[in-house]
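In the two complexes that follow, chain A is the common piece, with chain B as its partner first and chain C second.
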Partner chain A sequence: MSLEQFTKRDVSPEYIFYEGETKPKTGWEFFKRGFSRAIKGELFVGLWIVLREMFAKGNTHTVSYPQEKIAMAPRYRAIHKLLRLQESGSERCIGCGLCEKICISNCIRIDTKIDKNSRKEISQYTINFGRCIFCGYCAEVCPELAIVHSGDYENASEQRAHYGLREDMLTPLDEFKAKKQQEFPGFGAISDDADSFVKKTPLAY
Partner chain B sequence: MEWAIIIETVIKAVIVLSVVAGMAAFATFIERKVLAYMQRRLGPMNVGPHGVLQLAADGIKLFTKEDIIPQHAVKPIFKIAPVIAPACAFTAMAAVPFFPEFTVFGYTVTPIISDINVGILFVMGVASAGMYAPLLAGMSSTNKWALLGAARTVIQLLSFEVVSGLSLLAPIMMIGSLSLIDINDYQIGGFTSWLVWKQPLAFLLFVIAGFAETNRTPFDLIEYEAEIVSGYATDYSGMRWGLFFVGEYANMITVSFLVSIMFLGGYNPLWIIPGAIMILIKISAFIFLFLWVRAAWPHVRPDQLMWLCWKVLMPLALINILITGIVLI
Partner chain C sequence: MSDILVNIDGIECKAKEGEFVLNIARANDIFIPALCYLSNCSPTLACRLCLVEVDGKRAYSCNAKAKDGMNVITKNEEIETERRAIMEIYDVNHPLECGVCDQSGECELQNYTMEMGVNSQSHCIADMPRPATDWGKIHYDPSLCIVCERCVTVCKDMIGESALKTVKRGGPDLDKEWKEKTPKDAYAMWNKLQKSIIGVASGADTLDCTMCGECSSVCPVGALVSSDFQYKSNAWELKKIPAANPHSSDCSLIYYDVRHDSISNSNDKIFRVSNDYSFSPIHGGTRYGYDFENVVDSKDEEAFEKVVEAMKTKVDTIEFDSFITNEEALILQNLKDKHGYNLVNNDAYMYKKFLENFSSTSGTNLYSGDLKTVQASNFVISVGTAIKTDSPNSGYAFNNALSMNKGAGLYFHPVIDPIVDGYSKNLLSVNHKVGAEEAVLYLILDLFGKNLPVETADYIKAFHTTCKQTVGEGEDAKEIEVDENSLFEMIGVTDFSEKLPKLLAKKDTFSLIAGEDLYNHPKSKNLAKLLGLIEKYTDFSVLIIPSQTNTLGVSLICDLSKNRGEFTLGYNVKADVTLSALGKGDLDMPALNQQEGTFTSMNKRVVPTNAALSFNGYCLNDIANELGFDAELTIDYTEELPSTKGFKRVAFDDLSNEFTRAGEENRGYLISSKILTCKDAVDEISESKDMSNPIYLANPVQQFSAFTNRAHQLCQAGSLYASSEFLEKRELKSGDMVIIEGSDSVKLTLRVELDLMINGDIPYLPTFDTKLHAKQFFPDGYRFAEVSIKGVK
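This part shows the complex of A and B:
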């Protein structure tokens, strides 16, 4: 594509310019406009539409909230969750600290230590939800799909720190054993046909 | 004998006051429901089955809410203004015959508090005097929105009053009486004798003027939220605000009765339907029309209201009177 096509400012062939209603000038034109507006029946079209909607069944848009809830979209970014590994049930988080690093509002705090097998282990993981802007960078950058966004948007509580501690976010063990841990289908998740892309490691070198 | 009349009048007045106030209060619930369904919502749902007890909840809230009077308001007028609205609306009902005559224990009851011979003039006059309520409320509030609302009240009064008076003149010329009972009896000959067939233009003009008189939607410019917050009622809270509300709905009921009696055959029986049921059907239909129009139509600007009333409706009313006069001669 040449530069001329980018720098072209003349949009006239694609755009239709609306000049607006022609304003009546003479008294006769005023009268004609008023008459046509009065006779046209636009007002009665409006009356008919609202009456039709009144008697139509089941077209209400109201969600009676505490009784009914809307299913959240997979990519909805509400309160975070820390997931467990499907096989072993231990934490997915490897303490790499990428989420802490990328967090643009500096609200994630990770403390790590070296455990007795000399592996890195997280001892503390908190998110300050007073500062979190739910941008989703932490979930996006996480190499293990350990920190993800859940769909839990009901987070009124008595304490400022609630929902942001590691115990709150980590899938509880009993819930995990009941296979209730939902896999995160949002950004970075494994696609449904991921198995078909698995290839044998070429060892013939 | 005089005592009997006084007692009867007092009983009638108490019944009218309580029943119409109850109807007015219930109309608020109906309005919320009808508007909600027309706008694809549900309306009040939680208090009682489908929210029918919402009325009680609103009443408790209104009665127990703190009554705030702004520091710099003209206090006596600010306090008295809300009373004027329902007082005038209910006083106007004194000359309105609600039902046909009926007999209780051999005693004939005429369901009208006072059959005065200038009934229609009295009703229109007192209902218009009710416009003092928004006017005084707005002027005493020391609030610019309220003041604008008060100014618009005057505009509205100047606009619709001419139309409603002149549009009623033509049917009154045909009937020859101002008493609402005579007007009703004029249409006693069934469906075809309704005045709406003889005076369709006057009917239309009076309905339009009625919408303006009750501040209903195409002409709700004195309390239009998008422009002047709540108009004259911006500073009011609690039951003082509730009184304005009751007055508005009582006015709607009065106008519905007036239109039904003047043009739609009043409380005359139709076919096998008795008269009392007929007039209830008619006023219910009219109240529904008020709500229906509110859901469907946008409102007009003050200058458009004046333009409509003075340049369109008033000449039409005059032409109507002229034609009626020529035909009558």
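This part shows the complex of A and C:
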């Protein structure tokens, strides 16, 4: 049995080992290597590719920001959003305070109170974006999928402490009515196989 | 009770014969789950979670009494199946609103559901509408209620009001088919649970009790919460700051639950007060009167310099009340020693004199009783205190003794108190004539005295006459000699001699609670001496309730005098220059929730209290430092409290403030008492003037001082409080205006308010509303005064 897989501890067995080309030892061998390198046309292969791509159409990766913007991947974690309930349009946030608790940079603060209908109402929700590290824990812990990350990555600001208030983060009603509110598929969203974990509870009705 | 050994899960535990197994396990750090049991209260057996195996048989550890050599197993497969089924059933129809529930994070239903690993539900029953109701300061949500009956139990066994009871739920009955599917105990628990819900015992719409809020404190779920706290914060956000009750002399352990105020204000704010309900109940004044802090933006240097200047030149007297810490009292005493100020504190002065006279006959400088001895006794007498409002915690201990020890008691007070009357069937309320306290104490000596000094015994004997009475009828008629005690007549009671033997049957531990009426009594000197004789010559251990938070501490630390000099500095008292924590003086001082320091409680214990909120101004220590002292912090003085008076040289940071698992009070230290030489001489009963229209000086429930009245939940305007009987007699209605005219032609026009928690013909004036200047009607400090009350149209 070959002991190679045991001796080469730093790599996994599927790797192909390349030892490199053998080094020239004699003067003749040095001359041979120098000659073959000099007359190979590799230099021109490279030059040709550059020339070709320079004149090719429609294959540039550069976008002309800010006129043009890249659509972020769905799991990208940028500035937060507060979502509304799909049916009623009222806020999803119930003011449980879990995001405030889990936030590792301590940048979320909420104020809650009892409203006219004796329900818990969230009177203000703030995130200090100057401190936020966009770890996504708040979105993950939220039991209502209310606080999520959006794709809005433009958070340059005149000052270090840049606060996001509820009014800034909550989906505007017109946008909501136009059905532009999107679900967040990142951390905290319901997984595709969530149904399989549900245990049924008997009902007496 | 002898010491025995009980084996719980292989661990040998020392215990007392007859102690409950659950308490033994808790004291020895062995976990037995239990939802419905409360220490110091009777077991209700509602939850059945504390199921254990005692010598191979199933038993409930909360009411299984320990016997020597007992073998207890707290956990096996059978027990665990039961417990899991019980928790599953508690979760049936329990609303999934943990996200907004105020109890979330400290909810015992959450904890035990996790503990028992309930991750699926196999039980069900149709729910019914259970709307939430507001009971004044307490909010009750029946849909969250698991009917553990802790609230009912604590209200009955500890607080003594029985304001709550279980009422019919009126939902669907439990289907019989569940009986086969469910373990035995879980089914029994479910069956009971499904039938009842908590309701107000009197059937009224709202709670008609003293609103101590203890029910909301003991509630394991979010069913009973403070209406004010509702939906404001979460358990995990609040930082618990251990402290001592700042409003009354019980100085119970409390926690200020503190958090930043709001998004726009990151200063700390007290959101509520919580307590260790297993071992120390607290009253409504403490629970709801927490935000009496004095908010100051910055140090007012100008005002400070003015005060220091006045102290250096003009001031010859410092007047203060006893809502201060021991350290502050010591600072004042040091100032007196160095600069010769007169220290005036009328409340502590009277108490100090009373204690001195007490020790002249008792032979010890301190009384022997405390709340624990009251709680442990089975015969309790209360004299000279409106116990419900003066010292609710003494009332709780009194009631706890009556209900837990099959005890009996006597309550002597001129004002009829239906709440105290309701403590127990075995409590006899004696509403004696105003001023008859001497006769009451002589009666106690007469009934319980052993080997009394000859003079006193002879004097008491003179009250007894024997007369002949015929008993029976016809031929059986016999003439017997009956002992008649004229003391009964002096007190103004008739049927005492018939009831007393019943109350006294099988009683062996005795406590006497003496209160504020006695210190300012015209005959206080003799009353104190009589109390001393009771302490010495009877089985009673006497507890003398200090009238304000730290009255005992101040009276031990400070040398007080009675009269003001020419220029007075007042600390929380209005004077020529006033330092005030109430925010109305010349220089702002920190309130007691903004200070660290120690109090001397009525249990003769020096207990620490921590600052819940910061204070940006000057404190008394800063003034003392300007006047030649050098201490960085006020608590530097904790070590220097006078050891000659029984204090110990312990630094503040070394004082603990907690209860052990076994319920021992591990807070601060006990003041040591001294043995003194004593005499037995007491005076005879002096004639007291009959008062035709007496008025009493007392506060309504939850109010104790101007500090409680600053709290937003308790803030109210003072009135004359009167019973419905009083109002009917004078054809007044609650809310009418009346003029009170006292001696020296002092007059006051104020509202009269109906107080349902007193009866009889004596109304009372409160001290918590400083605008009323109620004390002007009581020039000698005696709490009863003769006044005329007229209605105004």
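Points worth noting:
Operating definition for what follows: the second predicted complex is superposed on the first by the 162 of 205 C-alpha atoms of A that agree within 3 Å, B and C clash if a C-alpha of one lies under 4 Å from a C-alpha of the other, contacts with A are read in each partner's own complex, and residues count from 1 in each chain.
One rule holds for everything that comes next: a residue touches a chain if its C-beta (ideal position, glycine included) is under 8 Å from a C-beta of that chain, and two chains touch if they have at least 3 such contacts.
What you are looking at is a predicted structure, and each value in this text was computed from that prediction instead of being measured.
Judged by the touch definition given at the top, the superposed model places A:Gly27 against neither chain B nor chain C. Within the superposed three-chain model, A:Gly46 lies in touch with chain B and out of touch with chain C [touch as defined at top]. More chain A residues lie in contact with C than with the other chain of the pair chain B and chain C. In the superposition on chain A, A:Asn59 makes contact with chain B only, while chain C stays out of contact range.
When both complexes are aligned on chain A by C-alpha atoms, no chain A residue touches chain B in the first and chain C in the second. Per the touch definition, chain C reaches chain A in the complex via residues 98-100, 104, 119-126, 132, 230-234, 236-237, 260, 262-263.
Contacts from chain B toward chain A in the complex involve residues 34, 37-42, 45, 292-293, 295-297, 312. Interface of chain A with chain C (complex): residues 94-98, 100-101, 109-114, 118-121, 124, 126, 143-144, 199, 201-205.
Within the complex formed with chain B, the residues of chain A that make contact are 34, 43, 46-47, 49-51, 53-54, 59-62, 64.
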